[in-house]
Amino acid sequence: LKILCINPNSSKEITDSIDEICKKYALKDTVVQTVCIAEAPESIENYEDAAISTHHLLKKFKKWEAGFDGFIMACHGDMAVDLLREYTEKPVIGIAEASMIFALLLGHKFSILSLKRKSATKKEDLVRKYAFENRCASIRATGLRVIGDYGDKKKSLYQAAVKAVEEDRAEVLVLGCAGMAGLDKELQKKIGVPVLDGIVCALMLVESLVRYDLKTSKIGKFFKIPK
Amino acid sequence: LKILCINPNSSKEITDSIDEICKKYALKDTVVQTVCIAEAPESIENYEDAAISTHHLLKKFKKWEAGFDGFIMACHGDMAVDLLREYTEKPVIGIAEASMIFALLLGHKFSILSLKRKSATKKEDLVRKYAFENRCASIRATGLRVIGDYGDKKKSLYQAAVKAVEEDRAEVLVLGCAGMAGLDKELQKKIGVPVLDGIVCALMLVESLVRYDLKTSKIGKFFKIPK
Amino acid sequence: LKILCINPNSSKEITDSIDEICKKYALKDTVVQTVCIAEAPESIENYEDAAISTHHLLKKFKKWEAGFDGFIMACHGDMAVDLLREYTEKPVIGIAEASMIFALLLGHKFSILSLKRKSATKKEDLVRKYAFENRCASIRATGLRVIGDYGDKKKSLYQAAVKAVEEDRAEVLVLGCAGMAGLDKELQKKIGVPVLDGIVCALMLVESLVRYDLKTSKIGKFFKIPK
Amino acid sequence: LKILCINPNSSKEITDSIDEICKKYALKDTVVQTVCIAEAPESIENYEDAAISTHHLLKKFKKWEAGFDGFIMACHGDMAVDLLREYTEKPVIGIAEASMIFALLLGHKFSILSLKRKSATKKEDLVRKYAFENRCASIRATGLRVIGDYGDKKKSLYQAAVKAVEEDRAEVLVLGCAGMAGLDKELQKKIGVPVLDGIVCALMLVESLVRYDLKTSKIGKFFKIPK
Amino acid sequence: LKILCINPNSSKEITDSIDEICKKYALKDTVVQTVCIAEAPESIENYEDAAISTHHLLKKFKKWEAGFDGFIMACHGDMAVDLLREYTEKPVIGIAEASMIFALLLGHKFSILSLKRKSATKKEDLVRKYAFENRCASIRATGLRVIGDYGDKKKSLYQAAVKAVEEDRAEVLVLGCAGMAGLDKELQKKIGVPVLDGIVCALMLVESLVRYDLKTSKIGKFFKIPK
Amino acid sequence: LKILCINPNSSKEITDSIDEICKKYALKDTVVQTVCIAEAPESIENYEDAAISTHHLLKKFKKWEAGFDGFIMACHGDMAVDLLREYTEKPVIGIAEASMIFALLLGHKFSILSLKRKSATKKEDLVRKYAFENRCASIRATGLRVIGDYGDKKKSLYQAAVKAVEEDRAEVLVLGCAGMAGLDKELQKKIGVPVLDGIVCALMLVESLVRYDLKTSKIGKFFKIPK
């Protein structure tokens, strides 16, 4: 069972942290390889960043596709997930969708802890795309950037988490950026409700789909019209 | 990793078939034990059936709870899942919720293949409870009963499946009754879109939640008010 | 016209207060009898409480059913209403649904004054079950328990009511617990918008259904599959 | 307890049939008076019909208001209900809202049997206004006009009813025009699910609101800004 | 290209301000004529105001209809728009719908700056009627009356605008009353997000529909049933 | 007033037809220039097609941006509209959003005539993205490809149009592909309800936004985070 975890930005720091988490949580029989898109910006925050990264991803993915059983898109904007699901029939899981899905199983409603206002707005689009709006208590902007000091991240996340839980009645929290990877268990301990890192969720979901021998449905949305 | 799979009816045939599937798909390190509620009706089709089964389940669960890491409710009405999530903080997964969640990952919209009209209507309630209505293409009644001849089941399922895929634009199909357990791969092969057996989905989700060391959120809906 | 009003908990105090209200508002030709479930907990706050009460209710209801023209479930969680609607074709009305329905007739949106956070979350489920979410301004937790001092109840209700009316733009208020029975008119006078006690609403709705000679539809959701 | 039932068209035939129903179902203590708007068209089918009727209604209502405890708007478009709720604090009930509310209490979803396509489309607006769309199985156009032969009405209603129940999974049916008044019980008997005449429903609801001493909320939507 | 802009109240001040805006923004080839309903109240704030204005409008419109290519209803309650769309097949645009539609094109979600609480509640109905609720961040009551001092209007609008943008995440603002006409650009400059005056939006939309030679669909909702 | 109309595919035939329509409907003072993306596929049908086209578009757009007042994205998938709205503050209009917006102004609900099943499914996503699902009667697949014989297009469009109008109660029709450009008026004449070509709608909307001096809101979703 071979999984490719794609970090669509070029940050070595984030790639390493993602890789560490994947290796920590993977099944014994799972081989996870984490790659980044070296030609992409250091973080995917703009639509333009995503377009640039997607362009390079597409070329690389054609080579990567054959060597793996499933794929993780390690960007909490689920960038290019539809594109990859169209390209391959092997399972492709974005960490945003995965984290929201785990949240559904643990409590009434979840909140997403996102970065700045722009990112919060884009999460609203994502929640609506997946049609989880009736299970989403709120999307809280922490004011953080993707890359930054871990100490600041922890304080801002905690403050947003408290508001989500107390004012918005969130029962589960979702870390809204791959740059927050690894902060789940510490925040969970402090705040007292489940906190989800999408990397772990996506890894376990893609392993599950492979174990159950499932492929993306090719009858409609992800059919690849031949040229 | 010890999982208890609870068949809330008293049918030995269904219990055996569930157990077989659990054992087939469980991780090497997972020990799954399947139990039924001997005092319950042979199938859970009425609200009354569910109330009777719940009464006996509650008493038994108090003994079972300590011995397992997570629980599967193997009834596609997700009977008593809220009750068990309140009782224990260990993960509890119903096969309806699990099957719909897997469906979200594989295509645009899913259809549920249910039994008769009553069961189809109750599925509508369930889809709405989980707030998946915008991802659900349709709920198709097959006319089947829970217990019955496998040959009939296959024909009726196939006919409903064709309509769901062609008329309702379903891209993924969900088997809407534990009594259909094991019919997934054969139907999938015939119909050409993913077909999901909730037993397998629930097993993999509960394993995942345990592996990620997650507990049900106890801050709100599943808090147990002390008496 | 004989109505049975079922208090599903074992509190004599609540049973008496419900009975008094029923007798006060019933039509001259209506005979109302109020019963409680002596084997149930003193309040229905947990899913477990409801399961225990349901078990005993089911046995008793089989005896009660023949003697009445309609039934009130006097629990603002509308516990077992679906079950009773399946069991009998005579009208069954829960006080939560009834109170929300009256609220629809009196203003733009209503708020529910509930107990603690857990109960507020369960009301969200109920509002969604009945599909009234677009008419519900908010569900306000008062911090109250079912049983408790009336003076405290009044103060907490008033504070939550002010917030619902001023911050959430509620135009009508619903008392979210049978334990608040009888507090409607006093709060209404203080707050200046209609305040609804579900006992009264359910009583008048069940009388109306009987007068109009209506039965629960048995074609789908409430059909009783024969065993 | 004095109720005024307003037929907003000028059809004597419809006024008589409404009056007969009101008298048949009213409480012994209720005095119902039925009036029509003689200056209005014989049926309210266009927006223009409603505007003309509303103009005359408004003038008359100012005289009628003091003499009654509550009001029924006997038009299944619920014409001018908001206007009257603003004008008076006494309860005002439209027969469309009333019939849909009774339907909620009797089954999973209801269908409305309406006249032609235009009327069906306007019902969609009404269902959406009251936010009942998630409980409405369908709106079936029967092809009927408001005024017409009873024999034709029965046949067309029956045909639409069968489709609503069998194809759309309706469990309750609502007669979508005051011109269908009195056809409820006969259709119910033939079709086997509850069939609702909004006149009866509105009568019982307005009696109930008066008995419970409730007034329309005047804090927002129905506040009358002084000129 | 001749457009009639109808101010449905009798305020000369508002009529003049509307006329000035129409003339400022109209195409060179567009002739706009602005009329008011002299028999109507000075402002349309109550349902009764709207009914009175509609009565007179209907009589006048029958004369006006032939002389113009399209119509603007210059009332942010979109009073009588459905009626006029039924009466004529020429395009009719209300300024509320128009302003919300322009808002959709400029940002994620919009807020409406309305008058008092009653008017805010009626805007909720309007947003729901057009089904824009998922794009509407909030409806903020400014506490203003239709007629009033411009200085007060500016201050109240600014305060409500800041809250809409900062607390509700509105990205675009809509002026919710024809009495606010002409305040768009000044507020936009101060607040830094697009601010829309529905008069301008409606003018450009009606010009566009005429240029594209489009008529209101007469097959359903706006069909005029012959009497 | 200078508008750039971008055809994101490389088909000269489609570019010419779009250009002809733009020139036919533009204001006298509007200069429209139509460009295509020569490096893109001949039609944008797959997610991959869109990614390739977007990559080239982004590079070209940086040069184009300064020379125009507004932009049309002439692809009925509204490819890259968010990206361009982020890149520039000048108005950018996609032909899908534009055509649906015009449809809102002309009737109760609209249907989209799309190509094959995949394209119909992607339209569902688009309708949901813009939150128009409550105004969309249906999305009908015609079975057409982007490029193809005009005679076939007319027949298939007509057949799908009849079903949309008669079975789905659509009152307005939207041509769901730039390859259908120019077929609006002929189909409208045959079918008797308004038929919209998104090119015309987008042109008029972008002209309007420029005339009203409006810019895309940059406070949230379309803010460009500096790198």
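Note that the chains take the letters A, B, C, D, E and F in the order they are written out, and that residue 1 is the start of every chain.
To be clear about the criterion, a residue touches a chain if its C-beta (ideal position, glycine included) is under 8 Å from a C-beta of that chain, and two chains touch if they have at least 3 such contacts.
Note that the structure is predicted; figures quoted are calculated from it, not measured.
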Inset, instruction - Fit chain C to chain D on CA atoms, both being copies of the same sequence, and give the resulting rotation angle in degrees, nearest 5. - result: 180
Inset, instruction - Compute the distance, rounded to whole Å, between the mean C-alpha positions of chain B and chain E. - result: 51
Inset, instruction - Take the average of all CA coordinates in chain B, do the same for chain F, and state the distance between these two points in whole angstrom. - result: 43
Inset, instruction - Provide the C-alpha centroid distance between chain A and chain F, rounded to the nearest whole angstrom. - result: 31
Inset, instruction - Send over the residues of chain F in touch with two or more other chains. - result: 108, 117, 120-121, 125, 128, 131, 134, 169, 171, 219-221
Inset, instruction - Quick one: label the inter-chain contact graph as line, ring, star, complete or other. - result: other
Legend entry - chain E contact footprint on chain C (complex, rising order): 108, 134, 169, 171
Legend entry - chain A - residues contacting chain E, complex: 117, 120-121, 124-125, 128
Legend entry - Touching residues (chain side chain D, partner chain E) in the complex: 41, 45-49, 51-52, 54-55, 58, 80, 82-83, 86-87, 116-118, 120-122, 125, 128-129, 131, 219-221, 223-225, 227
Legend entry - Interface residues, chain F side, partner chain E - complex: 25, 27, 91, 93, 97, 101-102, 104-108, 130-135, 165, 169, 171-172, 185, 192-194, 196, 200-201, 204-205, 207-209, 211-217, 219-222
